[in-house]
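Next up: the structures, one after another.
Each of the next two complexes has subunit A plus one more chain, namely subunit B in the first and subunit C in the second.
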Partner chain A sequence: MDVFASVLQSAAPLILAAMAGLLSQRTGIWHLGLGGLMSIGAMVSVVVAKETSNVTLAVVLAVTASMAMSIVMWAVIVGLRANPIIVGIGVNALGAGGTILGIVALYGKEGTVYSDVVLPRPLSFLDGAPGRLSIIAILTPFIVAAVWFVVCRTRFGLRLTAVGDHPFAARSSGVSLPRARLWGLGLGGVLAGLAGVELALGPLGSFSSGMEAGRGLMAFAAVILGATHPIVVALAATFFGAVTYFGIWAQINMVGVIDTNLMLMLPYVVVIVAVVITASVRGSAKSANLSELREG
Partner chain B sequence: MKSTSFHRLRHGVTALVASAALVVLSACSGSDTASTSAAESPTAAASSEENSIVLVHDQQAGDGSVIDSQIAGMDSYATENGWTSKNVYVADAADYESTLRNVAETGPTLIMTSFVRIADAFNAVATDYPDIKFLHLYADPVDPVIPNLLSVSYDSYKLMYVSGILAATFTDTKKVGMVMGDTQALIAADYNAFAAGVASVDPSVEVSYGVVGSYDDATKAQEVAEQLFSSGVDVVQTDAGGADAGTIAAAQAGDDRFLIASSAGVFDTAPEQTIAYSGLTFADSVLETIPMVMAEDFAGGNYATGVGSALKVVFADASPTEAVSDRFAAAQAAVEAALPSIEDGSTDIEYTTDMP
Partner chain C sequence: MPVSAVTCDNITVKFGDFVAIDRVSVAFEPGRIHALVGQNGAGKTTLARVVAGIVAPAAGQVLVAGAGVSGGVLEARARGVEMVHQSFALPPSMTVAEALEYGSTRRVGRIFSRRSLNARWQEYLDRTGVTVSAGAPLRDLPIETLQAVEIARALAGDAKVLILDEPTAVLPPNAVGRLFDNIRRLRDSGVTVIVVLHKVREVLEIAETVTVLRRGELILDTVPSGSLTPRGFADAIIGSENSAEDDAAVLGLAEAMPPVAVAGTPAPSQRGPVLARLDAVTSPDSSGGAGLRTASLDLHAGEMVGVAGVEGNGQVALVEVLAGLSPASRGVVEISGEDMTHRGLLERRARGLRIIPFDRNTQGLSSASPLWQNWATPLMVGSRRRRGMVRAAQLRREATAALEAWDVRFTSVNQPAASLSGGNAQKVILARELDDGASVIVAAQPTRGLDLGAVEFVWRALRKSRESGASVLLISSDLDELAEVCDRIVVVLGGAVVLDVAAPFDIGRIGAAMTGAAA
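Entry: the complex of A and B
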């Protein structure tokens, strides 16, 4: 139970960010800006929680900030026809640098910001890792189920998928491609913001620049590995979280047996190997859902 | 046809401009270096007649840790001597050299930095600007000597030996640990000395470690520390810079979890978990070494410092909790008994840079 809860805690931000990437990918937009949105969500949540001691307000404003940034992404990609990959990289850089700027502007320093309050822990009556799971981590499996239902079982979700896979057909059937992409990116912004909140206010209660530490790109890899299917993507993200957990476990418990630096590389090596295997099994274009951003 | 080409061109240019705007915006916001160099260089050039110090640092400031101590020492020296001072943060290793060159171009009297990752860039720029003095804290000796550069090395591993004595005396579970940022030679030497200190008190005490792989990833540091504490470790030495916030959070998440911190700010953040601060008081070291590098007869070289000057163990004012006050007192006594022979070098502590 402890291991399961620890893996869930480690994987929850990845899963949520991967769901965000999935929604975007389904509308035909490669979302490389997940890390930037997570950083924005993490920073806003900690600042608001520190200043107001109101966790609900912190979550709402963090999600709003992340969604607002997603809408800016949409405007640049769809309105100005910018390359989604370049824009994603820009959003990542903006998330990393903009949060430092925000912290310096607010507190006159760029160091760690601590909040006195953290996310509620509904299972705190349990001992060990389960008792330390935040409400967002606990809700993550249900969010995955909701994303699966919306994407795979509703007309709205199927339209999102059609916009990415068959934009010409979607347009011919009356679907507004820009609007569908706005929904995909906007909802993705909500989920990426939640991922940032979990990262900062889940186990930690603090924000420091760089704390996203490549998790956005790992989430993006999970989207590729899971071929944009919500359940498979969530499993892929959980797998990455589990690799991180067991990498730490091996460091501590297998001293002298496995090199520490190999353990540190392990999550990233596994990501690369998994994506390569997926590409070779499914074909690179299909596994990556390489739809062009077309008007249709 | 022309219209289509025009539209493609327009879209391409628009995309380029939009993307460039995002990247430029983020670059401006993300790098103090860029904005400082570009926006303040006229002022700096104008004041180049005055003596000035610039600290270039690649770890964050503002959380009461090592960089803040360096800034405090620099500001103190500048105030006492009528100099101006400024600190510049460079987050990306790829920007080390360009940032240092930009700073050097503004003509300061002295450029300071710290830690080994920036060493190659720092040495290269020091060589190219012989009229500027360079001070490198927490660095290895430079060979061949650069006449305008003083590197300052610290026997911090000896301080970790003291931490090991403290941890082994304080532990109740007979399991102690360390959360490290990486496994570079200096950090590995810290761990090995920590383990040796533990063994000198009680060889049966188990010593574990976890490596974060980053000095920023507080989330992973929390996971590493959580696994250490869950395995029965009750005292953890922090050694992961900005990621220490995660180790602190893990300590606060359970009972009977204690820290020996590498920065003094932890006394305020986690008073019920922090036994002692065991680390470098950089401010003192800065005040000691700036006059050395500024001396007229300075010709380059290395200055090594041991335990007792800038390297200190500072205990909390009171026991973290009442329940552990006996162990706290015993740990204080053990450290006080061990310090004299460590400071005078009669205790032999091996400098081992390989991880077990």
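Entry: the complex of A and C
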């Protein structure tokens, strides 16, 4: 039970970010800016929680900030026809640099910001890891189910998929490509913001620059591994979360047995190996066709 | 006089500076089958898309049943105008039912279970006589079924006007008849059908009225098709300044004539020794369709061999295996008598293999690179220049001379390949590939998308290579083209060579072999 809860806690931000990447990918936009959105969500949530002690307000503002950033991405990609991959990398850099700037501007110095309040823990009557699960971590499986339902079981979801799959087909049956991509990126912004909130206000109650630590790119890798199917993507993200958890566990419990730096590398190595294996099994990703994305 | 089903009022469409449609006004009567005809680039697809609301005109207006439509696709669809695209606009990752559902404008069923979705659309497909499982993934379906699904999708709403863009281009010959039967049935049920076509023979078979576009201008305006002779019709499409015989062949009139060699071409010379051989070659499937299945093929000197087949039946694999780009998992590939099965493209080129690839813009040319580099690539990566040095000035001079000799219309050898029109781009590839050392020439769809003059140019170039003793393998989805220029036709089906016949050709038998009906 402890292990399950710990893995869920470690995987929840990855799963949520992967769901965000999936919605964007379904509309044909490779979302490499997930990490940036998570950083923004994490910083805003901790700062607001620290200053107001109001967790609800912290969550709402963090999600709003992430969504606003997503809509800026949408405007740059769809409105100005910028390359989504470059924009995504830009958003990542902005998330890393901008949050440091924000902390320095607010508190005059770099460093970890602590909040006195954290997300509610509905299972706190239980001992051990399950008791420490935040409300967002507990809701994560339900959010995955909701994303699956919307994407696979509604006409709205089929339209998002059609936009990424065959933009001309979607356009010629009357689906607005810009609007579908706004939905994909906007809803993705909400989920990536939640991922950031969980990362900062879930187990820790603090924000430090760089705490996102490549999770955005791991989540993106999960989207590719899972071929944009919500359940498979969530499983891939959970797997990465489990490896991350194992790395942390090994740092604590296997001191002197394995070099800790090797253990810290573990999740990233596993991601690369997994992507290589699936790529060779499935053949090169045909969806990498960027010219198709320019359509419309 | 009844109100026209669709009226185009003074429509002009521009892409940048290019005028695709120039002040075209035409009215289509309801309940009839109208053909919209023209050469490649004449603007027929563009005009069809304007009617469907997909392309917005720069000037002019479309009226459906007498009322103006300006709100794009959704309004056009709400008024009952549906379009079926040439290469089918169906998202490949979806199942049949999902593809039918996503664009649906019905109010019910926005949220569904998989079972209810499949049941609902299966019932519709059964009712409209399309034999396919609603749960089948689209990427597994044959072309003819995809087309049936696409038409069913278009008719799922309350379609009053159905536009079909080149529906016959992707079909094997015997499926065309079935398609035409369906079109007539639709007309009888009151649907106005506008069919974009470019083959005269098909137009005369199906259409009740004919509208001809040439270079974006209206030439014939819904003339009753009965009043047209093939000859006058071809003149309207091409313009009278062009020569008659070869153009007639291009337009698909040739089938009605005996398969004679074109004037000025000597009868096929005695075929010489085998220059290239595939011996029971099997290769893996790829994104281009089926791999080869124990395919055997001999290519003789002085012979032009056509490869017929419905697209995706091994044509791509055939080119890739010959080029060494795709491995032969079993069997032997010989070029000029030597076993080349495990040799790379450069060694094969050194023995005379030349490739005119399927897509000239992405495979044949580097569109961002200057013309001289595109032309000189084999010289730069091949063996002729020493020590890896590129003598740019000399290559520029040679390129200029070669491109001029091949009648490429260009201003400078430094201009990027992307700046050339389709016909000129193909000429650059011909200038590069059909050099003196060429002995085995693989031409994959070399005339696709070209205008008549350029088609004729490509044919002449290939014939000349054949007469100088090279062996030419011509892959084309246009059976009339193959029958016109080839000495021998092989048919591929599912990666296997299922038929190998010499001229004169029995088109019906070849068509049957293409679909796997008994040859």
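The definition used in the following text is that the second predicted complex is superposed on the first by the 273 of 296 C-alpha atoms of A that agree within 3 Å, B and C clash if a C-alpha of one lies under 4 Å from a C-alpha of the other, contacts with A are read in each partner's own complex, and residues count from 1 in each chain.
One rule holds for everything that comes next: a residue touches a chain if its C-beta (ideal position, glycine included) is under 8 Å from a C-beta of that chain, and two chains touch if they have at least 3 such contacts.
Everything numeric in this text was worked out from a predicted model, so none of it was measured.
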Touched partner set for A:154, first subunit B, second subunit C, both or neither: second
Contacts of A:141 with subunit B and subunit C, given as first, second, both or neither: neither
Touching partner for A:208 - first (subunit B), second (subunit C), both, neither: first
Contacts of A:248 with subunit B and subunit C, given as first, second, both or neither: first
First, second, both or neither for A:120, with subunit B first and subunit C second: neither
Touching partner for A:178 - first (subunit B), second (subunit C), both, neither: neither
Per-residue touch tally on subunit A - higher for subunit B or for subunit C: B
Partner chain in contact with A:169 - subunit B first, subunit C second, else both or neither: second
Shared subunit A contacts, counted only where both subunit B and subunit C touch the same residue: none
Complex interface listing, subunit B residues touching subunit A: 11, 14-15, 18-19, 22-23, 25-32, 60-65, 68, 89, 91, 177, 183, 208-211, 213-214, 216-220, 222-224, 226-228, 230-231, 242-243, 245-246, 249-250, 253, 269, 355-356
Contacting residues of subunit A [partner subunit B, same complex]: 2, 6, 9-10, 13, 76, 80-83, 86-87, 89-91, 93-98, 100-101, 103-104, 107-112, 114, 128-129, 132, 199, 203-206, 208-211, 213, 244-245, 248-249, 251-253, 255-256, 260-261, 263-264
Subunit A-touching residues of subunit C, taken from the complex the two chains share: 49, 52-54, 72-74, 77, 83, 85, 89-94, 98, 101-105, 109-114, 287
Touching residues on subunit A, where the partner in the complex is subunit C: 152-156, 158-159, 161-162, 165-166, 168-175, 283, 286
